[in-house]
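Structure record follows, encoded as structure tokens.
The chains carry the letters A, B, C and D, assigned in the order they are written, with residues numbered from 1 in each.
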Amino acid sequence: MENSKSIPILYEGEGSLIQPIDLNAFRELNRKKNKKLESKLMTEEEAVDRFLKDGDYIGFELYGTVRAPMSLTRAIIRSGKTDFRLAGQGVHEVDLLLGANLIREIDFTYIGLEVFGVSGNVRRRVESGDVSNVVEWSNASLTWRFKAASMGIPFIATKCMLGSDTLRRSAAKVIECPFTGEKLALLPALILDVGFIHVNRADKYGNCQIDGISGFAFEMSRACKKLIISAEEIIDTDDIRKAPDRTIIPYYLVDGVVHAPFASWPGEMSNAHEKDVDHYNMYLEKQKTEVGMNEYLKEWVYDLPNHQALLDKIGTTKLKSLRI
Amino acid sequence: MENSKSIPILYEGEGSLIQPIDLNAFRELNRKKNKKLESKLMTEEEAVDRFLKDGDYIGFELYGTVRAPMSLTRAIIRSGKTDFRLAGQGVHEVDLLLGANLIREIDFTYIGLEVFGVSGNVRRRVESGDVSNVVEWSNASLTWRFKAASMGIPFIATKCMLGSDTLRRSAAKVIECPFTGEKLALLPALILDVGFIHVNRADKYGNCQIDGISGFAFEMSRACKKLIISAEEIIDTDDIRKAPDRTIIPYYLVDGVVHAPFASWPGEMSNAHEKDVDHYNMYLEKQKTEVGMNEYLKEWVYDLPNHQALLDKIGTTKLKSLRI
Amino acid sequence: MNTEYNPSELLICLASRIMEDGTTAFIGTGIPMLAASLAQQMHAPNLITVFEFGGTGAILEKLPLAVGDTRTFNKALHASGICDIMEAAQRGFIEYGFLGGAQIDAYGNLNSTAIGDVLKPNVRLPGSGGANDVGSCCWRTIAIMKHDKRRFMEKIDFITTPGFIDGSGAREAAGLPPNTGPYRVVTNLGVFDFEEKSKRMRLISLNPGVTVEEVKDNTGFEILIADNVEYNDPPSEEELKILREKVDPDGLYR
Amino acid sequence: MNTEYNPSELLICLASRIMEDGTTAFIGTGIPMLAASLAQQMHAPNLITVFEFGGTGAILEKLPLAVGDTRTFNKALHASGICDIMEAAQRGFIEYGFLGGAQIDAYGNLNSTAIGDVLKPNVRLPGSGGANDVGSCCWRTIAIMKHDKRRFMEKIDFITTPGFIDGSGAREAAGLPPNTGPYRVVTNLGVFDFEEKSKRMRLISLNPGVTVEEVKDNTGFEILIADNVEYNDPPSEEELKILREKVDPDGLYR
């Protein structure tokens, strides 16, 4: 029945909505996405060249140094494209992008070095104002924002963030539930311009499998205008069809598929390789200063033309020793 | 910032909220659920005896005659318990319960015989008023109601149901989105008193695997106060631990685990057995009349003490012929 | 080969011809499944079938008998669950959806809930199921119906699934996603679209041997007639051959 | 065996002793992981570890180095994703959560976002991560902190993660789930709870060799002192043996 009731909006976070929500435009775009089984195999460089542009809102899955799409990250840095806005749930890949000073706005939940603490790159870029806008969220909240987009709805409610300054510096809104009267924070949907995910295996069309925990791959892959996948291994579509319940990202979500073994190096990849602790420890030293970070980026990113050159530089002996 | 804005509630469905939403009580109950690795193996009879009571709000997964927890359904009918309220996304299991006249209120989305059309049991029980309250939903809406409960939140928004009498006869509320201004239907969370799910395999603690499509097992299993699992096969926990990404229902959600091969008979079970088309065709005839249905229930439910007696009655030859 | 065809075979062929290649179709059990499978083998090899309970891109070697059937994810590209599928539809990924019902009106609204007053129904029908979701979120819906006055009504008893509701702009006003709605109605008498301005049902082509008068006589509302009503080709020999030998060799739906 | 212990080993043992058997603990990297693993082998064999990015019930044969680490789902009972875990917490399934931070106040509110004004920070810290979620939804949170006046402050610069906010009833008023909140604070000086009425931090036990004065001197707010302050036992020989030989044989966290 029609009525004149209303739900009070009790509180609105001061943070801005860095990426606008337009679900109808997202629908139109998803409608036009290629549904044909056509190969999307390409290099990191080609994917970045075709699908990423200055100022895009981007995001990476997973978290920490595990299964991070580093080969794509390095290609982004080399591409010269810049002024990105970012979903800041990241460690190593985001640290490199901040080091290279390519990020202007962040929906921030966690950017740091985990057990190794605060990141020098984060401190330098945020404290200096190179990153000009920071909006705060929690890990769950940021993921639920992807989940809202993945469901095709403009928000999801939560009990998280209530009563905190995280809420105050977010773009969430607190309402009184029309069913229960309880207070809830509404989290606005987050649609990425371009998302980057590394997976264990994919076919050439982009049907993807991930071993073990799936982080937020399910939600994020469904919340991207463009989605670039890198895969440890490219497999036949017949193998995808043998175990369709293992497909976590179906091909129709995917725009580019990059074959990139050791893509997560120096981090680890479940069922593929261990972390390169020596290299990472060196990195931890380098990132402490701007000079050190620039040296690191020159040697390990800018001076290398592509992922294969990186693998050559690391060397077969080292790579073999990391294999699980 | 605090403010005096509000969100208009544009429309409220006339349907009642058959099952109240109390997420805090659900939290307390989930807190108390047994987290120990202790065997929960029991028979259908024991599970129904211990966890189900008159008037409970119940639900079944999956849909149609596929992977339906029929051995548990038959145990419910034999138990003498009655006056249930029901999440009505079902075919064969719900049809039997309606035939036995055990259902009083239904959140209705689909109860029928699929390609075979309208169910005689549904017609008799609803048209006569034996079922005294029917509230309408769509399949997605009912599943999203489970999903809201599974997320621990009181509602989920959707674009479905808008502009229909389905909405009018639901308990959804239409609001104007505080982020985008668009109209949305808010679906209230649905928490089952007792849920019933049949799976391909489980360990004795209740860690479950399902092959192929998972219907709404993920969402429903997380939206139950009590959850009873039947499994085609009981496996070692070591086998669960070998592929933890295959666990779709973790043990701590589960209250009872029943070993029940051919539980979905006369329906089918992915990777286990085909549908018993002969028996089902006979059933289709029987359910047309009250007399026929009563005969069917007597012969195939009431007169048999348990699932093993049913399997004996079907006979090894027939069962073998159905094995995949 | 016998080129005579039964009414179902005609409906299957008509529905099949509507679907374009390179897109997705949300498939219910029965005629839609046969139509999609036929389309895949005739003109739309890249038509991806999506089943409500989680199967995407299955190879339909054996015809499913239900939307949760094992065959709906046979050699599929993806086997997930109902939320994933319905959310894909809500995000705009599903082009075609098939619908049926006991009653339809001039705006393509459908009733599959109850005949008479829903609170005290003369006939309780199976309910929405996924129909409302398909009708809300897919871009173009195709209704397949038996055509008579008890079904094609001026005012249906219950709108289970919204069509154009009461005319142009009504879907958007209700909050449904823009540019969605009924696309075609396929019946034993002909094929219908919805006139751009009024959003009312319009005859665009007649089945072999059917006249405009017959359509009018069997429709309970004023039906629009297109300027150039064409005749639908009967099922071709190729269509019948594929349908009978490849799509449904066991004759499950004959 | 060397029964001398370092400050980390003491913190690990203190945190370990707090956790009861037969329940769930949301585990962050570092000390909480070691504490949970130690508890499993001492008194809580049925303490189930839950890691933020999806691992539940892993067998911690090798200590994880990160919350998304392969080791967090080693021989696990369930490997899912962050939503499943966070939603389990929101539904009330997770008993203990561990927290840390750069600053804490008398109500157990924690700051891990920024030192100074968040809009122009003196030090930008790593942010909430899962901390706010743990502090919002787990039943009982345990903060592990280094104890000094720069960290234990009257007013912290930013509430990343709510404790009792500004006293009794404040969590509920903010909309957080009832009966949740800070349970213990474990520091290099002692163990603290929160007084029932005021919800302010209270010293309940001192670490070996530490005095009440020392605690007061190192706390920037007025700290409550329990009626009977006890002394925490130092790590026992058994605890140290298990910790060094089974929990962390490679000395990753030494």
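In this text, a contact is a pair of C-beta atoms (placed from the backbone, for glycine too) under 8 Å apart; a residue touches a chain by one contact, two chains touch by 3 or more.
Just so it is clear, the structure is predicted and the values come from calculations on it, not from any experiment.
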Interchain contact steps from subunit B to subunit C (minimum; 1 if touching): 1
Separation of subunit B from subunit D, taking each centre as the mean of its C-alpha atoms, in whole Å: 39
Distance between chain centroids, defined by C-alpha means - subunit A, subunit D (Å): 28
Rounded Å distance, subunit C centre to subunit D centre (Cα mean): 57
Junction residues of subunit C - those touching two or more other chains: 55, 73, 79-80, 83, 89-90, 137, 177
For subunit B, residues contacting two or more additional chains: 23, 151-153, 158-159, 182, 184, 212-214, 244-245
Chain contact topology (line, ring, star, complete or other): other
Interchain pairs in contact, sorted by label: A-B, A-C, A-D, B-C, B-D
Subunit B-facing residues of subunit D, complex: 21-24, 46, 48, 55-59, 73, 75-80, 83, 87-93, 95, 137, 139, 177-179
Of all residues in subunit A, those that touch subunit B in their complex: 1-12, 14, 17, 21-23, 151-159, 173, 175, 177-180, 182, 184, 186, 188-189, 210-214, 244-245
Contact set on subunit A toward subunit C in their complex: 23-24, 26-31, 33-37, 149-153, 205, 207, 222, 237, 240-242, 244-245, 247, 250-252
Residues of subunit D defined as touching subunit A within the complex: 29-30, 51-55, 65-70, 72-73, 79-83, 86, 89-90, 113, 118, 120-133, 136-137, 158-162, 165, 170-171, 174-177
Subunit B residues within the subunit C interface of the complex: 62-67, 88-89, 91, 108-115, 117-119, 122-123, 126-127, 129, 134, 136-141, 143-144, 147, 158-166, 169, 174, 182-185, 212-219, 268, 270-271, 275
